[in-house]
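Order as written gives the chain letters A, B and C; numbering starts at 1 within each chain.
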Amino acid sequence: MSNTRQAEASSPWRGVLLFLVIVVLFVLEGSVRNAFFSGSWNTSLAILNMGLISAVMALGVNMQWGYAGLFNAGVVGFLALGGLAPVLIATAPVPGAWDAGGVRLLLALFVGIGTLVLAAQVWKQVDRHLRVWALIATLALGFVLYRWLFDPAVTAIEANNTASAGNIGGLGLPVLLAWPVGALFAAAVAWGVGKVALGLRSDYLAIATLGIGEIVVAVMRNEEWLARGVKNVSGIPRPVPYELDLQNDPGFVARAAEWGLDPATASGIWVKLCYAGLFTVVLLLLILLAELALKSPWGRMMRAIRDNETAAEAMGKNVTRRHLQIFVIGSAVIGLAGAMMITLDGLVSPSGYNPLRYTFLIWVMVIVGGSGNNWGAALGAILIWFLWIKAEVWGPEIMRLLTMPLPDGGLRSHLIGSAPQMRFIAMGVVLLLVLRFAPRGLLPEK
Amino acid sequence: MDILNAGVALLNFVVVPAAAYGAQLALGALGVTLIYGILRFSNFAFGDTMAMGTAFTIMVTWAIQALGIAIFPLPTALIALPFGIAVTALIVLFTDRIVYRFYRRKKVDPIVMVMASVGVMFVMNGLTRVLIGVEEIRFDDGARFLFSVQDFRAWSGLTEGLSLRVSQLLTLIITALVCWGLFVFLNRTRTGKAMRAYSDNEDLALLSGIDPDQVVRITWIIGTALAVIAGTLYGLDKTFKAFNYFQILLPIFAAAIVGGLGNPLGAVVGGFVVAFSEVAITYPWKKVAGYLFPDWQPEGLLQLLSTEYKFAVSFVILIVVLLFKPTGLFRGKSV
Amino acid sequence: MSAPYLSATGMRGGYGKADILNDCTITVDQGQIAVIVGPNGAGKSTAMKAVFGMLNLREGEVRLAGEDITALTPQQRVHKGMGFVPQTHNIFPNMTVEENLQMGAFIRKDDYSGTLAQVYELFPAVADKRRQNAGELSGGQRQQVAVGRALMTQPRLLMLDEPTAGVSPIVMDELFDRIIEIARTGISILMVEQNARQALEIADLGYVLVQGTNRYTDTGEALLANPEVRRTFLGG
């Protein structure tokens, strides 16, 4: 019932209105200084940049959920995988790392993957009675060989210049190249997970992806040879100019002065604008591709499957295969966003990958924006991201107002002190309200 | 070859910790599986229900301690536990009333219920943060050891020691009692049978005059009680940290799926399967091997996987079960 | 004598907008066996569901022992003395036979051990397997458990939706014998059957339904003897 009513109300103006609301919010953040807004364009643009990346993530999740009804509870893992790419592609090579154990490491990884492939073959080919034992033997042998190759290589690489490197290092290639590679990393893992968990109950995929998310983050945290683990990799090359270079550029300083800005502020704004431009291009390109795909016969079939899986199956469509395709594509988009995020931060910090923040918040964005609608997901992402960041500031302010009648003391200060945590409650409530009263989101699917 | 010392080392480092952890997982998996069987969705908010319930228990513990009441050598948290369960159950029942009931009546796709549980997870997570913060909290004020490594060495004269912490023993005893009580309830009482009937064949249960609202209510209460007991025992055994309860969600789900979602006996077995695999795979076997084969001097620690990857073990078990037996080990068997 | 025990008259209704039943009337007297037969899609099961309240009627009324029960839910009708055995999913597979029967008696507040003994007496085969899970039994035994479950409320009217679907002819005969026995105890039986000929042989009253309307209504014997019914509905 509510669906049809919403569909009628869904006019093209809705999207424009939502877009305008977002623009106003960012302008307020950039220009008004009070308890609620910072009045700094630098802050406003920083939020916008991460908002744009969140929009790309939301686009990926929306493909999986909105197009195919797949619940990916491991967004954070695919994001982290994508973030690996800038380290491995764009950072400068670590001298001595490859000689220390690079070849051996590659060989070990090759053996590891080879073992899994071989095990799958063994399971298919070997006679029924023997195959369990053959499988176990293959896996055990492969594991021993893998560890024999892997452990010394890792020890050697991590011993190499521990203080500032201790990792395998990058290839020194342009950082923009790392973006598609990040997407590839995520896609490869998504293929593996999807192969196992798709075609079963829908919640099994959710639980399996929840697991892969935690494992990827654990790998990032512990495998120091890869991206230095919790020691973090910083100084990842940028596709845009550095603030310091701009401040030392007399031409830039002169132009900044024309606008009445000091060089420090102006350089920050300019760099962020460059990023924003870059991210917007990627986002629009992805939306364009997604919309084209959705209107193609492939997209129509996708939606047919989502709307009635049984009927589609009866018509001879291989539902699991289609689901695998869309799961891999969606994860690739999330991986791309992960690489973009690391490029923006210039830093990999595995301890920052929190599932609430990077999996479930993205879900809130998609549901609120409008599952199935790419524009909705993107706009919802930017809006929710803005609110999420600002809620940290607004929470205590609102709590201060609410607790006015209370006497100054333990309870009041505890409430004000824990108010930033209120945003978790707020996001949950928003998700529940949208899910119940506007299940198709702010911008419903056409 | 020194079998005695090897055996003691095995008991001390593998069997005892895994049994305690397995019991905690079993309780959690029982909760997840009961909720799944009756309400037919995987409750992602379960980990945060555990955290929130434990937070309430800790706060009541503090209040009791402030009154100067103690039951040493047992931890004060045991007195607080029923209060923690009661408060959490009230909140969960309220959640069902305002969130889940709507979707249940509409008979939506299970995945929508899962989505709703994500919203509930956020709210509960925030509540826990506001209530008690995100820092690590120790709240075990009972005696630490039933017997310590030194006691054991002095008593037995062996080089290897064995210790048994009070929290571990408590976990095992409480889990045994809770499981026994639950199985008696499910198999012997009218209400318990009604729950099983509802889980087995909803339409026929309705036809037989079973009140669905009552079944759902009791399921939430039992599920919450299991969550809070498991959470409190886990917190006593290790420490309380809200985020850990989110992470334990994966092994709990793995245990429930390994045993066959919806099957209580399977959940208990699954809990121990997951726990023992996790501990056995992340334990460095060098010491035990040293006693058994004194001549063998292995290079490494003989550790299959470092402890940071213990969640990978649950994941691999999950994948193996999904690949070879998606319905779990116990599907179709009676409770 | 007064009106029949069950009298559902002039029923019109269906799922959604289209009517499946059109002025359909079903009555059963005490201790009588009434059978609804007809071609596929004639609305046989729908008629039974309408009697049991699983379908909203647009017209017509259902009376049980003279009382108008048209507005009651299926659960309330169980309290009034109706028992219903669905065609499929009619047992609790993961519960023992005995537990299945206990669930049948869920609404009873009195001691039902007598009824339990009667059901076991009626179905000795399942009595031997009372500790076994119902899901592990053979098809015929499952149907016996399903019927037994419905009998546990001590209904005055037992309704069976294709009880012999998917069971072998020997099991079918056995099941029909039991149904006759049940009817002898004074319980009225209303049954939808695919195996029309065998069902009419034991029927006191037969309804031939076509497109949701009564086409022929007579005793089972008379319908079997009616050449037109034989040609059109019983395959010669």
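The rule we apply is simple: a contact is a pair of C-beta atoms (placed from the backbone, for glycine too) under 8 Å apart; a residue touches a chain by one contact, two chains touch by 3 or more.
If you're wondering where the values come from, they're calculated on a predicted model, not measured in any experiment.
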Chain contact graph, described as a line, ring, star, complete graph or other shape: line
Centrality ranking, top chain (CA atoms only): B
Chain B and chain C: spacing of chain centres that average the CA atoms, whole Å: 47
Inter-chain centre distance, chain A versus chain C - centres from mean C-alpha coordinates, in Å: 58
For chain A paired with chain B, centre-to-centre distance based on mean C-alpha positions, whole Å: 30
Overlap residues in chain A, where contacts from two or more other chains coincide: none
Residue list for chain B, restricted to those that touch at least two other chains: none
Residue ranges of chain C touching chain B (in the complex, touch as defined): 74-75, 78-79, 84, 86, 89-96, 99, 102-104, 106-107, 133, 135, 149
Residue ranges of chain B touching chain A (in the complex, touch as defined): 41-42, 44, 99, 102, 109-112, 114-116, 118-127, 129-130, 133-134, 246-247, 249-250, 253-254, 257, 300, 304, 306, 308-309, 311-312, 314-315, 318-319, 322-323, 326
Complex contacts: residues of chain A adjacent to chain B: 69, 71, 73, 143, 147, 151, 196-197, 200-204, 206-208, 210-212, 214-215, 218-219, 221-222, 355-356, 360, 363-364, 367, 415, 418, 421-429, 431-432, 435-436, 439
Touch list for chain B against partner chain C, complex: 190, 193-194, 196-197, 199-201, 203-210, 332-335
